[in-house]
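After this come two complexes, each holding chain A, first together with chain B and then together with chain C.
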Partner chain A sequence: MADASSSTQELASKEPKPPSAGPLLEVSGIVKSFGRTKVIAGVSFHVAAGEFLTLLGPSGCGKTTTLRIIAGFEQADKGRVFLKGEDVTTRPPYLRDVHTVFQHYALFPHYNVFDNVAFGLRIQKLPKRQIKTRVTEVLDLVKLSGYEKRRTTEMSGGQMQRIALARALAGRPSLLLLDEPLGALDLKLRREMQLELKAIQRRLGIAFIYVTHDQDEAMAMSDRIVVFHHGRIEQIGTPSEVYRKPKTSFVADFMGSANILSGRLIGFKDGCVRIRLEDEVEVEFPYADPLPVAQGQALCVAIRPERISVRYEGDLPLRGSCVSLPAILADTVSLGDETQMFLAFFKNSTKTVLSATMEARHQNERRDGTPVWADIRWRDILLLEPEGE
Partner chain B sequence: MKRRPTAPRRKKAPQRGGLWGATEKLSRLRKTNGLLAYCLGLYGFLYLPLAVMVAFSFNGARRNVVWTGFTFKWYASLFHNAEMARAMATTLEIAVAASVMAAAMGMLAAYAMTRHAPFRGRGLYAALLNAPLMMPEIVMGVGLLSFFSRVGLPLNFWSLACAHALIALPYTTGSIRARLLSLKDSNLEDAAMDLGATEWQAFRQITLPLARPAIISGALLAFTVSFEDFVTTFFIAGIGIVTMPIKVYSMMKFGVTPEVNALASCLLVLTIIALTINRTLVKETKS
Partner chain C sequence: MLAPASLWLLAFLILPVASLLILGFTHRGAFGACEWVFTWDNFRRAMDVKYLPIMLRTVSYAGTATLLCLLLGYPLAYFLSFQAGKRRDLFLVLLMIPFWTSCLVALYSWIIILGREGLISHLLMRLGIISKPASFLGTPAAVILGLVYFYLPFMVLPLYAALEKIPRTYVEAAHDLGAGKFEAFRKVTFPLSMPGVMAGVILTFVPCMGDFLSADFLGSPRTYLVGNLIQNQFLMVQDWQFGSALTSLIVLFLITGLWARHIFEEQGVFEGEGEE
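Let's turn to the complex of A and B:
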């Protein structure tokens, strides 16, 4: 903060935050239906001051509606929203200290860049001079100084996104909502903007709630991720928690990819679990974490493709702390640097397991049907609750 | 390089037709000629009478049969005719009053249809608002006349203006509604309220300015509807209120004089101007 420019320091030193113990925003038990479709079925989470929280999920999972309820554009059927400890559930959007960056920018086409950014400040009736300095500051922050007089309709997508961001930041909200703000940009620009957004968020210390369906984006930017699925929260955690310790098979598969196998917990003794995979193959390995189900019950087993290492007859096995399973090589696909191998473990099922590797030696293709060994470290076998419905 | 000589021959080939090519050409020619003749006939039927009318408004002779020379005298006598001037003024005043009313009510109706939370019977509400478009004007005329006389409202300038506004309402509502729908999709009002604007401020500063082209174009349509309305006006215009179409009708009782031609030509020009403005506004909204 010491070397930050004066303008950002000014922006960051918003009104002194009251030393409230509670979270900045709390959403509790939100339910929302449109007609007969239930879009959100009981969602609760909180956001701390200065936190970057991502709502992640496939399209139609309720994340955007949740955002619109926080902003005040929609009213929840059930549940409450607290902002700085105050109940704002029924408050209209203009009485909430929250600003939104919309997916399609929603810039006012009849205003130029300056007037767009100044809109909220003029509504607040700030003195003219103050409006001018604030607009200059935020335009500087998003690297668009000198564009004040331009019409927004003649700017590129990336520039419009920056103006939308500047407009939302100009009012110095304590919480910024971003609804897939980079969705309309091409990949390269998106990566650039991700870094920039994250940097701006850190510098200003404003809490962000960021909605996206792109798990890479979520991993790259967030302090914590809320994974949505069918209007419910599947898991809340830091990016590495969500990636390494997914709670459900949906999370395991959505965050990166995973082989999801059905299994049954048939034994647990001395910290060692015994699992029957796909009703056929039995494996036994030590497992330290709490078990998701009781003995004898069905569960899901998730293994990430990049965590399965394949060796051929005669190769040295992976040293210790892993299970080794015999398999048949079903297919090999080369994706440039990465090689994907499909392994058949089971006789009764046609289900194959994917292994992905960057190792060059797998690139000289073996014939399909070659017997191989698959080595999987104990800690890479994730035991999850069985899939609902 | 060696292939070059073959190129021109290939080009020529399709032109040598023989018998087959000739019949094909003929049938194609017949097809296009038939289409051309149909179009000429249709457009001639549409626009030739207008052209003749405009032409004869400049004709020196009193009768509409022979061309005796170019003159502006019918226009001059038209503009010096006090009765005519009064009819023109009345028509314009009524059209302005009616289009302003129709635009204001259309804005409210369109806002309700697009912004109000869904309510029971919203479809019926919209359909009933559009009904005057489909309803025979005679029905409107008779209905309004009996309504006005039952309730005891005087048949004067304002009752006529209100009736015209009613007929024109579907046009303004439709035009504004389309614009408000597209504005809604772009989340602009949400954005304004998100930045602290109340619903009214968002309406004044965002919705209204952006809907303005649609409001004006709707009002222009309403203006032409009122301006040229004959049937309803004929039924409910009180004594002493003579609009242009009524005046033309009464003049026609004595045959189609060059003054009528001149007058109709003036109305034609006015209509074209109004429609052109309307078109440009619609284009502007779309961009």
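Let's turn to the complex of A and C:
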């Protein structure tokens, strides 16, 4: 089946071919418009059995819509959805072996906890005894045993979340879809639930497609991350790949923020690139990765704030191989044990301000308007395609 | 906010009902004059077995009409709950037409439709079901039809309000867990619309119990209802005392019914599947 669909798939994405065993789910070339607005513009990816895949992107980028197409609540205008090799594109949701944990839980208010969790099992007409053991099992898994008789309307957000999870897991689907399941919980509970969800996913070996707009959550939980932007996929990769080797400036900035500078590749010789930054400063440094553009062309330079080390006049420069840029300390903002510094570079362009963090021990040395040096290690400079469109 | 509301209740509900009740315990003097003497006579008369057939008939007509309203109204409300914007407004306006047309115009139209020369008679002749023109006026069916016509909106509106309020995600969740269209309706949509069903049944049944116009215009002596009996006491016989006693009994009957329902609801009789 990988052969049969390979031609369409290659057209639609640059992703490597799925392993020959065939992925659990394959989404290929999905396009979806609501009225005149194109919400999804050609999306393809696959999920392997037991994999934790996260769809990550800012609000309104089409994550929920993608999930709804996979679940069958929405029909794609173009493209196909394959589940275990079968084309399920036009199948109604109740005939797909996929369950969803809805963003606002969607627990049935007229049923108690037991009846909610047993809903799918009763539809399947399992014998009563088996339903009972399954529900007990799965409530145990989400640590809610003993709550069977409780009304769902009398439970806390975290508990409702667990019931929603239990209800979706009770039918033992091979793929679970989760739409920002932790979105309504407070930060502390969120962190706890992240670990728990991940543990449950590992234990059961069920593949998860997890939607979130929180990149920390994505980094902490995922096997692979699909970064969405404006209904397109910007990059697919493991958490460390998308963090350390972002393919686009959007990904660089979204995955843990980055300063994006405009630049031009003016030379490449002996493994060294020469780049003109913001039409003002030229820097030269060795660069091992493939270059995103040809010589003479514009590109984006991304630098993560935490990789910029700020040095005062007279301090020793960063040991080893780095680029040093002169700057003015424009502003400082205290963030607990760290201080965020805003540096103004480049006399001609007022727009570019790099932010960097400084450790607390330097706190008393800060004074706005002080000239400083910003040291950036060569390997921390990311060269990316220029921002398109 | 509470004070004006309670004033409203006092002025338009409590006072009239209380004065009816008081009137029911007074004595009727010559030519219908009211003598302020306490008596049980009116209530004793009202509970006479000779009125029992009328009572039973009223309950059965009102019950049948309510059931028919529910059977007709539910699909209508269900359909309406999927409409949006201008279309929905149009349908709601169409639904309200019985409210807006004068009762008399509507009733005379029904008389024409149901009469010997009427539409129904013609239609049935055409279809060969009856061989000569027949009038349907004066039959229980005609009276019940009138009730259904007038009170259908009272059923549809609360049903629509309840159905429209059910979040789509509940139905989606049911589908997601494997429930087909019918099962999702049976296990999710319908139980969640129960408050609307209850409200609709009450709002239809209660006015049906008191209706006299339908029986007056479309019925015959055979279809005489409590409403007609009461109306006659007030407008023809001028026995307000007896009319008040009858009315009080009907109100008592309805209040008891509502109270019983409330008790059942508290005990959770209408809830869940009760499966274990």
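Criterion: the second predicted complex is superposed on the first by the 363 of 389 C-alpha atoms of A that agree within 3 Å, B and C clash if a C-alpha of one lies under 4 Å from a C-alpha of the other, contacts with A are read in each partner's own complex, and residues count from 1 in each chain.
In the analysis below, a residue touches a chain if its C-beta (ideal position, glycine included) is under 8 Å from a C-beta of that chain, and two chains touch if they have at least 3 such contacts.
Computed from a predicted structure; not experimentally measured.
With both complexes brought onto chain A, simultaneous placement of chain B and chain C is prevented by a clash.
When the shared chain is aligned, chain C comes close enough to touch A:N112, but chain B does not.
When the two complexes are overlaid on their common chain A, residue A:R91 makes contact with neither chain B nor chain C. Annotation for chain A, partner touching more residues between chain B and chain C: C. Once chain A of one complex is fitted onto chain A of the other, the partner contacts of A:K143 are absent, as it touches neither chain B nor chain C.
In the superposition on chain A, A:I123 makes contact with both chain B and chain C.
Comparing the two complexes, residues 71-73, 92-94, 98-100, 102, 104, 106-110, 119-120, 123-124, 167-168, 171 of chain A contact chain B in one case and chain C in the other. Within the complex, the chain A residues that touch chain C are 71-73, 92-94, 98-100, 102, 104, 106-112, 114-115, 118-120, 122-124, 128, 132, 167-168, 171. Interface residues of chain C, counted against chain A in their complex, comprise 167, 169-170, 172-180, 183-184, 187-188, 191-192, 194, 271-273, 275-276.
Of all residues in chain B, those touching chain A in their complex are 186-188, 190-199, 201, 205-206, 209-210. In the complex of the two chains, the chain A residues touching chain B come out as 71-73, 92-94, 98-100, 102, 104, 106-110, 119-120, 123-124, 167-168, 171.
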